[in-house]
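The two complexes that follow have subunit A in common; it is paired with subunit B in the first and with subunit C in the second.
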Partner chain A sequence: MATNVRTESEVTDLTLTATSEEARGLRDRPIILRLVSIALFAGIWEIAGHIPVSFAFPTFSDTIAAFFRLIADGSMPAAYLSTLQPLVLGVLLSTFLGVGIGIVCGLSRAGEWLLIPVFIVLQAAPVAAFIPLVTFVYGIGMTAKTIAVMILALPVIVLNTYKAVRNVNESLLVMCRSFLGTRWQTITRIILPDASPVIFAGLRLGVAAGFVGVVLAELLITPTGIGDLITFHRSRADYAEMYATIASIIALSTLTLVFLQWIEVRVFRPEKRGA
Partner chain B sequence: MTTRRAMFAAVLATAIGSALPLGAAEAGDMRIAFGDLPGIESIQTLAAIERTKERGVNVELIILNDEDLAAQAIVGGQADVGIGAPYTLIQKVGVPIRIFGQISTLRFFPVVNSEFYKSWEDLDGQEIAVHARGSGTEAVMLLMAKNHGITYGDISYVPGSEVRRGALLQGTVKASIVDAANRRALEAEAPGKFIVLPVEDLSATDEAVFATVDYLESNTADVDILVEELIKTGREITENPAVAVEFRNTYGLLPDLGAEADVEVEEYYKETAEAGALAINGGGAEAAADDFEFFTLADQIEGDPASLKVEDFWDLRPLDRVLAKLGTN
Partner chain C sequence: MAVTALREKQSTVHTSLEAIVEVKGICKSYGNVEALRDIDLDFPRGKLTSLLGPSGCGKTTLLKIIAGLIGASAGSVTVDGKHVSGPGPERAFVFQDFALMPWATVLRNVAFGLELRGTGKTEREETARRYIAQVGLSGFEDKYPHELSGGMRQRVGLARALSVDAEVLLLDEPFSAVDEQNRRKFQEDLIRLRSAQNKTFIFVTHSIEEAVYISDRIVLLSPRPGRVSQVIEPDIDRSGDPDSIHRDQRYLDTVEEIWQGLKQYVE
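This part shows the complex of A and B:
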């Protein structure tokens, strides 16, 4: 007759395994943790709004209600329709121009000397200060806003692409040469695939910068779209609407970045899937 | 990663929570938040502030970029007296702040390109450009449209009188509304090209002084001095606009503009004084009634103008005390 007596240490061990398994269970479902994190944030916001932190700080629930009001009366969809035009145009132009210029600079010394300093200066510059200059040259219309988006997005994309191309793994290049690969093959088969992770990182940063650019332009040039909603509701002291607008542009920017990452993994870099 | 995110969220929320308003100033100190970059139209206010200083009130002037920021500074306790017309804020936010003196009334000039339009009626269904949605310029244009029984086509928003002046000169905008300085510039740069349309029945507050109820109650002496000096400078300039230039020289106001601005200062105040836009009795209940009408029309305050209560927006006591001393003009 064997009695199953467990020592205290064994019991502790067991509970430890149990909790760590539970924890692992939670970790395997990141969506739950993410929701908890969002709920926690919303909860703290709600409490802060009730204290209230400032007369101009609405509660989370007021902000959500304001968000749906803005959707329902059509002002937010209309605002996004107008904000997205310079944003999408600017980001697309920056993507193609930026990756193109970055690759050229990465591959040729002349291009590097000619262009890279310009983009380093642009990246280091406090860009908001340029925006009044842009309005002098391009007026106050769509062009000026698109340029504002590009001023912010282009340098990051160019510099990341350039660095990615410049820092391609040397042994891969040597390998390509030893297989008698042509210059074109070296670029398309070795350099671009090897550089693509960093290029994509640059694109994501560029898109994020584009969002900064379009909001800056709409606040500083002419109030249209999202910038108009923010300034208008601030002047009317409708702070819940103002916060809803700001939160919506942050959410859109975040979702866009997550979506880009998803595209990158699914379409361009299948080897990373599930990692 | 996710726990770190949750931690970050918590840290962020705590940071927001700790940004609590600062305490109020001590008696004898007065922090005035100026909701606009001072220009020649600010000489009167700036001179009154200098004279308030001379009478022993330790005034600190805080220049802010925007009228809303000035109002927020008052509510947040970072400044004591704000300059602007915070009707919306008083009504919507329910913050205990009150206006206690009017400095000047709105003066804007609807300008149209004479090749296309000659009168208000011509603007029916036409595109106009104003400063911003919900701004005073828009309200003036809407008020005039209502008075003349017309409706505009598109209203486009172009912030900055000088920007709209440029657009008028270029011809991209054919009908707009600008301030006094830019109207004069338009007349100088393109004589005869533009017509200034008449504006009737407009006497809404452009700039007024306001503060929290607490501040007004615990700093009556300082507040009275400020109101008194504002009214006195307003009266002196109305009587003799050239005094504005003297004020500028005596107190060294707006030194960046140089001596050549003196001519402009004198012209500006001559015109403003003739139009009666400087408050020589500090506004009060009468001004409040005009403002109710204007700001409800502009959609900045809600309710029937006749049923809005003056005491919800104004604290008339400082003005009453000062007018008892100075007399009404």
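This part shows the complex of A and C:
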């Protein structure tokens, strides 16, 4: 069990260093390089759509056109209105609950013994299998969707936070004690900022998992929102519309993760700004 | 405030060799391993005393016991007559690995001790700027630790310890992670800083040259278990050119004498 957790945070550590090194290499013109990368991807998509790879595979330009059609006829905004409510609520609850539980488990042995095994099991379990169970208990409304988001997002956030708090730089803790820091000051001024990179790595994974949760819930439980939009256009063989919907939720998820990173650097680790 | 300061100054003038830190019968064991056995030491006010010895002699352990960061198995430490049971405002620690917060600027790191005490932002930053200037880091206030060299980082650590205005500064091998050239410069600066501050320094080092160069008193510890083997007071004039100390005959003789004494403990 313990090995499980270690691998988890090691993996996130690795991705952290990898992304920051990558960013350093591209420091000269990061925006241009990113745009080139997006343009290349779009170009390959366009060509693949023209070959065509499959009759169900639209070109990039068709997909973009479908995207604007969906916005214009109001079906996509309506779908997002329905999807975003459980998603935002679930992600926010998971963030605060997860970081809170993780900190408590990292600081107290009792919390660790009581709660950490539950989250290790939850993380190892194929959680999508719980979703029918959630429907059974909570019906098909907003509660069920929110819970689907949380059971996917919460474990990784709790485990990363717990591991980050447990691995806080010992010498900074001693330093804080020697300068007469109280327990509360130690937590807020040393433990949280020192643990924040790994906590945020967990938040990024958790938020991404929350997107998985809400789409799964809409595909499996309640035919509403984005999940319903995907199913509906698939059933009508409107493949461009279906792809546009899928691409839009991927883009939203990516933007959310970028925004999280921005908060991290802005609020917790100013020394990484521009790095 | 001013009256107390004056009174303190007078008392130090009258009894300049009065002990500020007294260590009585300190023993420390980790399980079956005896790290320190029956240490009795006095640290005179306003002097720089080095704890010198080979690795395993418990010098850092003794310093951390004085700092109140670890407890002793037996014996007691008093500072200004008050029994030590934990860290206190009259002692400040300089760490071997600097222990700077990587997410905070030099200014915030130096002011951190005051921040923890609840000193207002303007006041603590003003104090911090003063000590940053004293350790020669003016212009680096807004840099982050990773932008500084090892020597500069330890200057931040020293400024942080100075800025809480503790009477006793405890330095745990402060130069061991600093390169040789920077260490020489830093040692010279420390001598200069000391003459400006009327503070007591307790300095742990494993370098004989360093100890003789900067110390008023050197406590030699022998290893396994750590005991006091000798106390030396090198009578070296440090008022002149710092480089001349390295050529001073008494400096060279003291270094040699200590080496002859410690040789037997080095395998």
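Heads up, the rule we're going with is that the second predicted complex is superposed on the first by the 247 of 275 C-alpha atoms of A that agree within 3 Å, B and C clash if a C-alpha of one lies under 4 Å from a C-alpha of the other, contacts with A are read in each partner's own complex, and residues count from 1 in each chain.
Here is the rule we go by: contacts are C-beta pairs under 8 Å (C-beta built on N, C-alpha and C of every residue); 3 or more make two chains touch, one makes a residue touch a chain.
Fair warning: this is a prediction, and the values are worked out from it, not measured in the lab.
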| item | value |
| --- | --- |
| Touched partner set for A:266, first subunit B, second subunit C, both or neither | neither |
| Which superposed partner A:178 touches (first subunit B, second subunit C, both, neither) | second |
| Partner chain(s) touched by A:30 [first = subunit B, second = subunit C, both, neither] | first |
| Touched partner set for A:228, first subunit B, second subunit C, both or neither | first |
| Larger contact residue set on subunit A - subunit B or subunit C | B |
| First, second, both or neither for A:190, with subunit B first and subunit C second | second |
| Partner chain in contact with A:237 - subunit B first, subunit C second, else both or neither | first |
| Contacts of A:50 with subunit B and subunit C, given as first, second, both or neither | neither |
| On subunit A, positions contacted by subunit B and by subunit C | none |
| Sites on subunit A touched by subunit B in the complex | 30, 33-34, 36-37, 40-41, 44-45, 48, 51, 53-57, 140, 222-224, 228, 231-232, 234-239 |
| Complex interface listing, subunit B residues touching subunit A | 1-3, 5-6, 9-10, 12-14, 16-17, 19-21, 68, 72, 75-76, 88-89, 91-93, 95, 132-135, 157-159, 163, 300 |
| Residue ranges of subunit A touching subunit C (in the complex, touch as defined) | 171-172, 174-182, 185, 189-190, 193-194, 268-271 |
| Subunit A contact footprint on subunit C (complex, rising order) | 67-69, 87-89, 91-93, 95, 97, 99, 101-103, 112-113, 115-117, 144-146, 160, 164 |
